[in-house]
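Okay, got some structures for you below.
The following pair of complexes shares a single chain, chain A, combined with chain B in the former and chain C in the latter.
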Partner chain A sequence: MSDPLSNPTINTTNVGGQTTTQNIIGGIGSGKSNSVGTPYTTPLQTSAHTAANSLSATNSPIPTHHMINSNSSNNLSGMATPGGPGLQQQQQQQQQSTISSNNLGLLGQQSQQQQQTILSPITTQPKSISASCFEFFYIEMIDCIMKSSSDKQHAHKKLDKLGFKVGHRLVERLSLDTALFPELLDSVKFICKVFWAMVFKKTIDGLKTNHKGVFVLTDSKFQWLQHLSFDSSASNKDCSEYVQFTAGLIKGAMSNFGFKCIVTFDIQQVSTCVFTIKIES
Partner chain B sequence: MIYNIYIFNKDGTCIYNEDWNKKKQSQNQSEDQKLLFGMLYSLKAFITSSSPKKIDDKTGFHCYKTSTYKLHYYETLSCIKFIIMSDPNVPDLRDDLKKIYSQIFVEYVIKNPIYKPGTTVKCDTFINQLNLYLKQMPSFSS
Partner chain C sequence: MSKKYDKLGNDVFNKVEKINSELFTLTYGALVTQLIKDYEDIEQVNIKLEQMGYNIGIRLIEEFLAKSGIGRCSDFIETAEVIAKVGFKMFLGINAHVGDWDADRKEFHLTIEDNPLIDFVELPEQYKHKLYYSNILCGVIRGALEMVQMKVKCTFVKCTLSDDTTSEIKVVLEEVLSDMIPVGYD
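Here is the complex of A and B:
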């Protein structure tokens, strides 16, 4: 661990030297009104933790390496240990295979030890990824999609599809240890709190429902519109393409919970976004 | 008293300038900008070459003063140049220029998805924030 690159923590740094430390786990754990219900908070915390680990594992070369090691060690020791004396007789007949499997077994043991010594500090540290980097990537993604599609509608459809896929997968990851939701409202609340906190470092500011399958989610400080501003003289002040992806995210998340829905959104004033979820029966 | 601000990008084009409290209006803005950039360019080169010790050409020069005004200069690692002209009595503005860069320029111009790199800055959040920042400074209008 003498190599500075191997430090698993990646602090969020904004480009201008301004540093914001964010603690994703803390953000979720300290959710103000616990509308999801007490029994859910603890499992949600742990699920968020594992998700955070998996996110950072792709960022730092060292943890990934050990993740692979630990996986392979499990597989290898799985192969080597259950054999016992019975297997060894077979292996004596085929000398080559004995050597190789013994080696594999050793490898497995070694990497298991490594895993215990090296992975333990990694799992205890909170992790984060660079928000600036993600935002720049997001800008380029939108730019790329807008350029590659013939008209705006087509581009929006693409973004929506992308968001759907990401949301669908993300929710799978986030709800790993969560108990089943008894009601539709709980799934929406999950999106408002856990899902939103994971993606935007904050929870939804307002949730309204008519109890007939329509939910109105208000985010009064939508992260991806924070830095956006137009020329005061510009005629076209449309920035819906920067929000469409999020509508897709919600749709994907809801569909994974088993609800087909239509998500529309509206951008109000400065960076306030209102999402309307309409459940299709 | 602060008179004006210029922001030059890497290629020497002025991407933003604004005037305050000025009595005499300039005749030709773009000519002024070119002259200023050229002057700073050669001044910096001269300062670096004439220095007895080795100096970093990004930090070697940070202000000069005449009887009527003072020029404050800050250059980022990415070669964006921030220039403020003020009254000769205004204290050092290096920290303010740095803040303008890191907290206003980066946040509202570089991170603005609408902004095309290298073009003139017209984003209204940036202009508002910059004005807000400069106008709360004690030396802005005194």
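Here is the complex of A and C:
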């Protein structure tokens, strides 16, 4: 942060430019950005995830900022080189424009400092299970809830409630050593980064806001839809039940931060999910 | 033999994609709570959990065989070791021990350490010795073994949540199903 050279570069560029620089940097310093993107899973990371992380860092000044501290000279050369590993994705990601205001970027840095402090306790107890194990269970859980409910609406309500409980508790554990967030946006960013990373091992790909209590979160590779087979001839093409739980998760997490909100979602294309958080005053 | 599978289990677990176990623990807890609400009768909840496990097991075995590269086991003793050392390690990242074999070598006890499902869990007094909180594991073992021609019966005999000192699953081999050739297949 104290580096006078690189810091302004990141924060003052326009949205598109910012995206580019960050992608490149994320790709180059992959080892380092890893440890920021998904802190508690670091020892387990494989190279495939590294790539994913660098791509998903679009809207975050955070990994970049961290990088700058550690090896700024590398970064500068990285910026000059067109065509880092993340560049191909850049076009795709550009449409999901990110929070562009400098102001917000700075806020993000603040929250990053807070996040840094929580990294250590979590890394010390890396109790983990196989991701497929959870997914097997998740599919079965959805099935169980769908079958035990009288209609779809009822089932969705149940899933939402389940998600709420889990999200509420999960965020409690996650933010153990985090200082209180001064702003609503910081809470949302925490969800986009730390929370999302814990649940899905990636960060949210795009975050937009109207600064009036509405946030739009885009996940362009929603994990829990990845392994569903798609049968175009099937009558039931709606897989919203596999996403409803997540809406509940977000709601629960926000409620733990003291914000009551409505979360709606929309499944686009194959596995892109767009969540809309509307804060209720 | 046990050593060999210990190592294999570790290797496979290091290879697979992993997530933090807390999400799993909390989600499982929320689901069990929901089931208790839905079914009232605790015995029904146990059955439902076992059924869910069965459905998972019949799908999970495929991933297990693919990722671990284990071939056919020579006897049930080896099967037991594979379940304990590779199966549990690979999916839950925990160790399980095989013990208490009966004379016919058809029944053993599986002792589970550090079961991630029961982190943060405390059973209310009225559910102790009634609710088998981790019964889903029994179902998984049954489902998975059925797909490799072994019909087994799994029951929880001890559970740390019900004030026992260990968590133990009893696995009984009922019969080895014969390789059936699908109808119309020559």
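Odds and ends about this structure:
Everything that follows uses one rule, which is that the second predicted complex is superposed on the first by the 154 of 281 C-alpha atoms of A that agree within 3 Å, B and C clash if a C-alpha of one lies under 4 Å from a C-alpha of the other, contacts with A are read in each partner's own complex, and residues count from 1 in each chain.
Going forward, contacts are C-beta pairs under 8 Å (C-beta built on N, C-alpha and C of every residue); 3 or more make two chains touch, one makes a residue touch a chain.
These figures come from a predicted structure and were not determined experimentally.
Touch criterion met: A:239 reaches chain B, while chain C stays clear of it. The larger set of touched chain A residues comes from C, when the choice is between chain B and chain C. By the touch criterion stated above, A:208 is placed in contact with neither chain B nor chain C.
Look at A:229: by the touch rule set out above, it reaches chain B but stays clear of chain C. Of the two partner chains, neither chain B nor chain C is touched by A:221. Legend: residue contacts after superposition of the two complexes on their common chain; A:152 is shown touching neither chain B nor chain C.
Look at A:132: by the touch rule set out above, it reaches both chain B and chain C. When both complexes are overlaid on chain A, the residue A:260 reaches neither chain B nor chain C. By the touch criterion defined above, A:278 lies against neither chain B nor chain C after alignment on the C-alpha atoms of chain A.
In the superposition on chain A, A:199 makes contact with chain C only, not with chain B. Residue overlap on chain A between its contacts with chain B in one complex and with chain C in the other: 132, 136, 143. Those residues of chain A whose C-beta lies close enough to touch chain B in the complex are 14-18, 132, 135-136, 139, 142-143, 226-234, 239, 242.
Interface of chain C with chain A (complex): residues 13-14, 16-24, 26-28, 30-31, 33-35, 38, 48, 52, 55-56, 59-60, 63, 90-93, 116, 119, 136. Residues of chain B that touch chain A in their complex: 98, 101-103, 105-108, 110-114, 122-127. Residue ranges on chain A touching chain C, taken from their complex, read 40-41, 44, 46, 126-134, 136-138, 140-141, 143-145, 148, 158, 162, 165-166, 169-170, 173, 198-199, 201.
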